[in-house]
Amino acid sequence: MAKKIVTFGEIMLRLAPDNYLRFNQVDHYEATFGGAEANVCVSLSNYGYDTSFISILPNNDIAQCAINTLRKFNVNTDNILRKGNRIGIYFCEKGASERPSKVIYDRKGSSISCAKLEDFDWDKIFDNASWFHLTGITPALGENLPNICMEALKKAKEKNINTSLDLNYRKKLWSKDEAKESITKLCPYIDILISNEEDAKDVFGIEAKDTNIDDGKINVEGYKEVAKELIEKYHFEKVAITLRESFSANDNAWSSVLYDNKNFYISKKYNMHIVDRVGGGDAFAAGLISGFLDELNMQDIIEFASASSCLKHSIQGDFNLVSKEEVQSLVKGNIRGRVQR
Amino acid sequence: MAKKIVTFGEIMLRLAPDNYLRFNQVDHYEATFGGAEANVCVSLSNYGYDTSFISILPNNDIAQCAINTLRKFNVNTDNILRKGNRIGIYFCEKGASERPSKVIYDRKGSSISCAKLEDFDWDKIFDNASWFHLTGITPALGENLPNICMEALKKAKEKNINTSLDLNYRKKLWSKDEAKESITKLCPYIDILISNEEDAKDVFGIEAKDTNIDDGKINVEGYKEVAKELIEKYHFEKVAITLRESFSANDNAWSSVLYDNKNFYISKKYNMHIVDRVGGGDAFAAGLISGFLDELNMQDIIEFASASSCLKHSIQGDFNLVSKEEVQSLVKGNIRGRVQR
Amino acid sequence: MAKKIVTFGEIMLRLAPDNYLRFNQVDHYEATFGGAEANVCVSLSNYGYDTSFISILPNNDIAQCAINTLRKFNVNTDNILRKGNRIGIYFCEKGASERPSKVIYDRKGSSISCAKLEDFDWDKIFDNASWFHLTGITPALGENLPNICMEALKKAKEKNINTSLDLNYRKKLWSKDEAKESITKLCPYIDILISNEEDAKDVFGIEAKDTNIDDGKINVEGYKEVAKELIEKYHFEKVAITLRESFSANDNAWSSVLYDNKNFYISKKYNMHIVDRVGGGDAFAAGLISGFLDELNMQDIIEFASASSCLKHSIQGDFNLVSKEEVQSLVKGNIRGRVQR
Amino acid sequence: MAKKIVTFGEIMLRLAPDNYLRFNQVDHYEATFGGAEANVCVSLSNYGYDTSFISILPNNDIAQCAINTLRKFNVNTDNILRKGNRIGIYFCEKGASERPSKVIYDRKGSSISCAKLEDFDWDKIFDNASWFHLTGITPALGENLPNICMEALKKAKEKNINTSLDLNYRKKLWSKDEAKESITKLCPYIDILISNEEDAKDVFGIEAKDTNIDDGKINVEGYKEVAKELIEKYHFEKVAITLRESFSANDNAWSSVLYDNKNFYISKKYNMHIVDRVGGGDAFAAGLISGFLDELNMQDIIEFASASSCLKHSIQGDFNLVSKEEVQSLVKGNIRGRVQR
Amino acid sequence: MAKKIVTFGEIMLRLAPDNYLRFNQVDHYEATFGGAEANVCVSLSNYGYDTSFISILPNNDIAQCAINTLRKFNVNTDNILRKGNRIGIYFCEKGASERPSKVIYDRKGSSISCAKLEDFDWDKIFDNASWFHLTGITPALGENLPNICMEALKKAKEKNINTSLDLNYRKKLWSKDEAKESITKLCPYIDILISNEEDAKDVFGIEAKDTNIDDGKINVEGYKEVAKELIEKYHFEKVAITLRESFSANDNAWSSVLYDNKNFYISKKYNMHIVDRVGGGDAFAAGLISGFLDELNMQDIIEFASASSCLKHSIQGDFNLVSKEEVQSLVKGNIRGRVQR
Amino acid sequence: MAKKIVTFGEIMLRLAPDNYLRFNQVDHYEATFGGAEANVCVSLSNYGYDTSFISILPNNDIAQCAINTLRKFNVNTDNILRKGNRIGIYFCEKGASERPSKVIYDRKGSSISCAKLEDFDWDKIFDNASWFHLTGITPALGENLPNICMEALKKAKEKNINTSLDLNYRKKLWSKDEAKESITKLCPYIDILISNEEDAKDVFGIEAKDTNIDDGKINVEGYKEVAKELIEKYHFEKVAITLRESFSANDNAWSSVLYDNKNFYISKKYNMHIVDRVGGGDAFAAGLISGFLDELNMQDIIEFASASSCLKHSIQGDFNLVSKEEVQSLVKGNIRGRVQR
């Protein structure tokens, strides 16, 4: 029987101008769906796992399209509650060269943001589950969400389910202080912590030395220290940090480190020509979870996670539409973009 | 100097699948803008008048696109306030044959819905204005809107500006009782009332005899009685009623009556093959206002208004993109769709 | 527990020029999926039933897209076998006015056409099933298909599952004689037979009097005789016949008759402005099955089936993407294409 | 050996908004090519004849696309001269319902408009030709065109080639007086004259009684008189007149009459739901020429020509992309838009 | 009150295949509008200035679309005269890798090319203006244009308005000798001269040493000499030169120098991955004018102008659709294409 | 009289998602046509030669579109036989960054694959021909194809026509052993052999030293040895080898070597930013043939062939749509992607 992963969060309608057009140039939007936790589900579903996405969506046709889309990629949607007023929306303008991408959120008042503690029966939700993943976005979505996340995590640990949290700090949802307070409370129930090159500083104030994000310069050694400090302070089992170097909106480098409280494992670095970078971190999380569930060794896990994320950057939309075989093939290094006939 | 019309209401992002596709068939939406009062402005601007649209929009790029679109059609946007959280959105699926069109509103919490009395300086807004038009949607948008509409109408009458109101009852915004209460209070300040074949019944409980809307059967005589009763009860100067006969989502007939408290004027009836029927009523209101401003005789006014609306049905999107000459040509009856080379 | 319908047949990639363009005008094809039995599944899934589609598809990405599309509409795909060389394809050019639609089949050598008796475990497939539906296309697909269909029908009857067959004669797949021979053998295991205005003549040589298909003239009385003769000869429980009157590629009338070996039930006739007529018969079959499963009375069943099919004609693609509520609303007759806000 | 038809005129870039959008709604134009004489060539090429299009086009990539398009439909382009400044352009907005289509010409200064007498070696051009067709547009294109047309017609008659002229009066190219003067001079060299319901009046002042074009009412009897008078005055061998009744931009009726100086032949009348009416007259001319070349009897000729034109109205763009078999099938009357599988 | 900039020139319809397709691959063109001086207006309008575009356009719908587009970006169009035959057109095929972009002009006989001296009332046009900008294209458009430009510049200097000229040599409009003669006469009235790496050589024969344009190699020192010589000979107040290094159609480097007759200021060099390079020089001119109007210091001016142009290269179409804040952010160097959420 | 090249092979319908989308993201496919030998024909036709493509296609509209497309590019299609069941299809998903492109063939049972010896009259086909080209794909298409190729080559040599073969090994069509056996038999009739960096190894087992294709590292010296060995063993007159270095799906380097049994000629190496790499080898073959037909010297031939192929990589679709002048301009090295106005 396939292992089952549960994620919990918001799935939004994503509206994006085609190609590199700006908002004020278009009279059509590409309409897809995405959101950090849903993205992780889809990616893991594509890797062959059973997945279940937990959320609340309104009872209208647009929300139904979101559910249909998840179903298309074989994500179980039976535990998505239908109530409330609206599905969250985000507008996404793709940057090019020196012009950065731009995201406009319109998620206030979405169904999930009005969630109540009694909306979720975690005992039932976690039936047969092997892993529970969420990100720092979920507790930021609404008043009751920190408590709901706490309850879910407690229940997960009670049932011996592995847990992971991707920090994913969003400054438009809450302040750094609010984030720190809420997430610190969740930490005791988290096995694997995932952060990018900025989040640990934003949420916990733990900063890598000799790194200037705006310059695109990344100092791996500094991030080893960050990982160490995170485990010392919050007692995670393992910490993974993704390291994006941004040369332009089109060209990034991507690598990652994994620290298991003993050794540091550093992945290969990929130079990526980007198709769509939104969801790149979620593909990393999915790759990491897949590696752990497959019980790979630490180095292989971090390589699989990095390759997973690298391939996502070549795919339009939030979802990471690659198979496990495609990731493995990149890890083995024998592809280089040659045509597969 | 051109006469200036002011309208007040909400402009929304309109997201629509192409052609006759259903929501769950598309991965792109046509993205245009519209809303009853903005539609009237654009139509009057195309007829050569100065127009000014009054609203509140958030300070983001999507709202800026709405403003740019109004500017494109030469509507003055200087008095659109920029604040609040979001621009209202509506999703619009076009019906075909026996399948009706479907509109999903996502306008809760829009910037205009949070308007306050002190947001508008009507004295300044009405500077040089000849006409003030609004619809029954505007007072339904939020808590303070009934009072704001009242203040605007009072100021308009104080400045001797003509006023018109299109009932436009929307059951998703308020109950019939709420609508009746609010709109009844505005009536003393309204010169011209516009209703469609259903609104007078929904808002005032005044119903045409021998008419079954769902059947598509319309009895003009019954609507004469409706117009009479409206003037008797609420003392409007004139009442115009549009009469849509719906044979299918593709084919409607369209005519209208005008009552000036003395005589009834009945327009020619058009059999329309519909491209987009949203905004058809707004094009009628714009045609009516244009007729009054041009001081046509009553019969010519109702003919111009009906032809204006008929042509709108041939145009995709909310906006009525025809010129006064095109409407006049249809009124004269010498076109019948022959190519104009 | 929802009732479960099983269908068995071929799902094809459907390639179609946009709008009314001809094949030699386009450099893009709309790429969707469809096939008579899959269409019935999707329609019943949209009406709220559990459905399972049985077929064979090759192990490539294009076939995976077909499966993803079925999943999107909540059709169970667990019993679709993956083997063989190719997915069938059909090219579909939409007619307009006096120009007929044109279908080019490219389904030779498809995976399902090479099916073997041992590929299917009907006992397992029919677990918990309430209904088994297939069409006259399936036995025509390949050498072993008549036997496979026979085995499936026998097993269905053994398990007390209702069975229905839509004649769906396709002259490019087999001759009339071949069809007659094969289908006659299946008849003893069929409860409900469905035919259109042409099939009964093509397959069984049973012809309605005073009807000229090419003229578009349909004589209902003649079809009563056809239904009667079908039951007399082949002992079906019930026979339903759909009656398409073709005025042009854009405009058809649609009605149907149901004969239960006692009385004739004739549905309302719909005048349809067509968006896409492919799949119209499959939507009728789905509506009929839904009516029987809901245990409606005979008149309500034939009305539901006709309205189901009528609405399909307003929808692009093979699939009937309407809900049970939408069909019921049309049956009640209170719609006429007015906007649903 | 296939019979060869030569036509002479202008081929233009046609820029058109998609669907029923107006010019000010689009940021993309459909870019195809067309022009009366080129349209006749393509249609005849599709009917299986050898065709040769004579024109002048500039030496740039856009003109090369025009030539490639003609080649695609197997029209010989070897005698298209490459010189001059530009290819003519026309903008075409499709009407709907009561809104007429709109054509904006931008053909001033096009290469063909600057043609000189010495640019064409008609002796060589007409090698092996059976038919020469031109329209009243060609002599209107530029200063030297009347003389060039005259020389071509003289040479054609000298070589015993059949000639036909479609009046095609374009008021934006020349006045009625200019047209009358120029075309009257060409008449002695014309065997078959083709006119629509308006042209004979515009060019020769010969008007049908009891017909009001703007009303859409056509009186066939009146057009018999027109045909008679045309032959009496100008001594054509035969006259064909097309009769368009315009109910709306979407719906027209189409029929035609042929007079051979003895009898009148009246075609079946088609009620057409229009996809694109531009080029409808050219498809009629092509059908007529095909009928004469195939030596059909007079009634069959006018039926083939009318059916040819009827089918063109179902096709997007200037070109009539149907086969001779498709026209014959419509003439036989056994189609009515049923799917051809 | 915002400062007002006036520009004078031609706005054209720009027809372009999508993406990297060649002319002979497409049946649709992207239809936008552009032209050097209009581009400068739109860019400055986006930077918050009042702008007014002066031109002549025909009285048809396509020209109206050009005006609507300018209005959309808040450019004042009140002084655009409507007369003449046609709007200029240019076809634009985007290059890729080693394949260069290709521009085909079809602007002969455009309305502006037939301009007469009396068409413009410069006194009224320059009312309240702070800056007048034109390019070397405008005097090349037609017979009377050199005199009109001269008159405009004289009036501008008379009214103490700053003037700038971008050389913009177009070999398809006039010869180098004609350009030199005409532009030399305008020089006494020009404050700021703008040239790219090629124009000074083409127009004035002043060439940078050690630079081979075709190789993509640029020697900044050589351009200092060019700037010096330009001021010595023609007495401009300041000279700005843009330096494009072309590695491929997709990748260019961009920098610029400014000489104020005392010091040289050299901007940062940007390595750009290009979306659309047309209009890059115009965005530079707009940035330069903005810098001067904001009274920045010389180094900040040349940095703002270069960053303005760099960002334009990331935007499809002629127009530079970025805000002043976005340019300033790039100048500060803290972006590198990271997502702005 | 222009020299005439004959090629023989399969032309397929190519279905491709737009841009970089994956198969499961799209509901539209770009529909073009291509195939190695047809690609060579189109490229040579664009270089100004007479070309004739020999194949078999079914008698349906889709195959007719393939023929129309060839005609559009002036390829003679008179010797394409129409019979059999289907046109071959291939699905093509474009890779990006580290994600490779993916090709799915659906060519089994295509008309050409069922070709018989008597289908071709090579004596007639080769009338006036100067060159005969085919690739290793053609003999792999079906049972009789090796013999047909043999007969064609023998006839070509008999008529003193130059012959070339591009190895083009396709592992999905046959095994390496089958390929070796079949192609070895054809070798005596081949003048010019063309191979890419992999084919010589796959077909003949002749491998370059110190080269790792998967790494993207190419050792030119090793390929000299390969060329030498090929001529020694199989007695070709000349051998050309293309050398693709694959850095990513977006970025490749391209160069080539030519060995004339005396000297080695190595082309310039191009760093390409890829639009579409399918057909790159065919453009090389076309360039090579063009160089030989133009009797260039060896170095110029290999430079022309490499530049031809380099430019193809900038063009969407299989076909190389550039002119001889454009290739020559790149060979001269004076372009670098600057706009050609």
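For reference, chains read A, B, C, D, E and F in written order, and residue numbers begin at 1 within each chain.
Heads up, the rule we're going with is that a residue touches a chain if its C-beta (ideal position, glycine included) is under 8 Å from a C-beta of that chain, and two chains touch if they have at least 3 such contacts.
Keep in mind that this is a model prediction, so the values were computed, not measured.
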Contact tally winner between B-E and C-F is C-F
If contact pairs are compared by residue number, which of C-D, D-E or A-E agrees with A-B in over half of them? D-E
Chain whose Cα centroid lies at the greatest distance from that of chain C: E
Between 0 and 180 degrees and rounded to the nearest 5, what angle rotates chain C's CA atoms onto those of chain D? 120
Where the CA atoms of chain A average out and where those of chain F average out, how many Å apart are those spots? 44
Counting only residues that touch at least two other chains, what does the list for chain E look like? 19, 22, 24-25, 27, 68, 72, 102
Tell me, which parts of chain A touch chain F in their complex? 19, 72, 270-275, 307, 310-311, 313-317, 321-322, 326, 330, 333-341
Listed in rising order, chain C residues that touch chain F in their complex are 15, 22-24, 26-32, 60-62, 64-65, 68, 85-86, 89, 91, 93, 102, 104, 106, 108-109
What residues of chain D sit close enough to touch chain F in their complex? 68-69, 71-74
In the complex formed with chain F, which residues of chain E make contact? 19-22, 24-25, 95-103, 105, 170-172, 213-216, 246-252, 277-278
